[in-house]
Amino acid sequence: MKVRVRLFAALRDVMGPDLEIELPLGTTVEELWKRMVADEERLSPFADAVSFAVNHDFVAKDALLNPDDEVAFLPPVSGG
Amino acid sequence: MYEIVQDILDVRTLAQEIATDADGAIATFSGIVRGTNKGKKVLFLEYEAYPEMAVKMMTRIGDEVKETWGLESMRIQHRVGRVNVGETSVVIVVTSPHRDDAFAACQYAINRLKRIVPIWKREVFEDGEVWVEGPTETAEVP
Amino acid sequence: MYEIVQDILDVRTLAQEIATDADGAIATFSGIVRGTNKGKKVLFLEYEAYPEMAVKMMTRIGDEVKETWGLESMRIQHRVGRVNVGETSVVIVVTSPHRDDAFAACQYAINRLKRIVPIWKREVFEDGEVWVEGPTETAEVP
Amino acid sequence: MKVRVRLFAALRDVMGPDLEIELPLGTTVEELWKRMVADEERLSPFADAVSFAVNHDFVAKDALLNPDDEVAFLPPVSGG
């Protein structure tokens, strides 16, 4: 399946704003993140500091991904 | 009601758009850009949002306010892009029949916004810039 | 800083006049005239003040805010004369480095104003009018 | 001695805004108020419901008045 990944702030500086990734069915959001961190060393400072969102809602790390999901890895927010 | 904007409206305009005949109180919060942070002179801030999710999370805060205080009349506007020192980055306006509810809901909304709304700021100094991180809450579902 | 006025300025203007480079938060309270009270339709309110003492008591509230929160940047404007339904009768603006202090000071100030500032309102209905009395605290020194 | 008395809201409706009253030295603010209530029946509904102010500050009921003081009898305030 394919999912879309969106990245913001410091993560966007490393990876750009937007990726499409091909994944096996049954992948969790945390597994996708770990794979991305393994593939891109510059993500390692953020490895334990992101929240996971799918389709514009926060999800737990063991959430299963579905085809065409919009996944986001969010650094600690600092709006306001 | 809940918007990511380039320019924030003034609070009087925002309040007039939501106040009803039953309202006797308006509480507002505005966040303004400080000229210094930890002793360093700030030139300006750059805000970036995940706009679709930010609006969804602000709407959730509105739902929480409705559930807790029965208030449906709240507006939130948050700017993105460059915001200069002294300018307003976020405005929250709550109107209510009674003032205590207006204050409580407004204070709740800004505290919640700073935890769950996906917006980030970059501080730009004379000699560099840095993404500001809020309190870390790793992989938690807020 | 503390005024009895015929017309209230908008809160953005009031805030701009007091905000300093160190401030990151503005909390405001506006009292607006409700269209009904105890089920009766209100046409408008008439406010009367003891102006010299009202300014002195608002200044005292400012001193109390300074003592408690260390904030010197507060403004209060209260209207006198006729104020129509939906219009603003009082505005309190507090700017502060931190938002919790701004909220606390603003809420304190309106609560205190309603106890010690000598201003009275007359509600005018279709079939009569009545002076509104606040909570009685006979001959107490507030 | 002479003092100035200022009246507001419902009291002003009864008495007008402003009085000058001649008093013996040593009169307290409460004694002045009781004398006014005794002289003007329409003040009796307010007899126990006013606060006392002298020279723009709240005072206790036993405060002694001085020549040229500005005295005010205040119904419960209702601003805001």
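Observations on the structure shown:
When the chains are written out, they are named A, B, C and D in that same order, and each has its own residue count from 1.
To be clear about the criterion, a residue touches a chain if its C-beta (ideal position, glycine included) is under 8 Å from a C-beta of that chain, and two chains touch if they have at least 3 such contacts.
These numbers were taken from a predicted model, which means no experiment stands behind them.
Counted as hops between touching chains, the shortest connection from chain B to chain D is 2.
Spacing of chain A relative to chain B, judged by their CA centroids, is 25 angstrom. Rounded to whole angstrom, the centroid-to-centroid distance between chain A and chain D, based on C-alpha atoms, equals 73 Å. Shared contact sites, meaning residues of chain D that touch two or more other chains, are absent. Residues of chain B in contact with at least two other chains: 31, 110.
A linear topology is adopted by the chain contact network, the touching chains following one after another without closure. If you check each pair of chains against the touch rule, the ones that pass are A-B, B-C, C-D.
Across the interface of their complex, chain D is touched by residues 31, 47-50, 52-54, 56, 78, 89-90, 110, 113-122, 131-142 of chain C. By the touch rule above, chain D contacts chain C in their complex via residues 6, 8-10, 12-13, 30, 48-53, 56-61, 72, 74-80. Interface residues of chain B, counted against chain C in their complex, comprise 10-12, 15, 19, 21-36, 85-86, 88, 95, 97, 99-100, 102-103, 106-107, 110.
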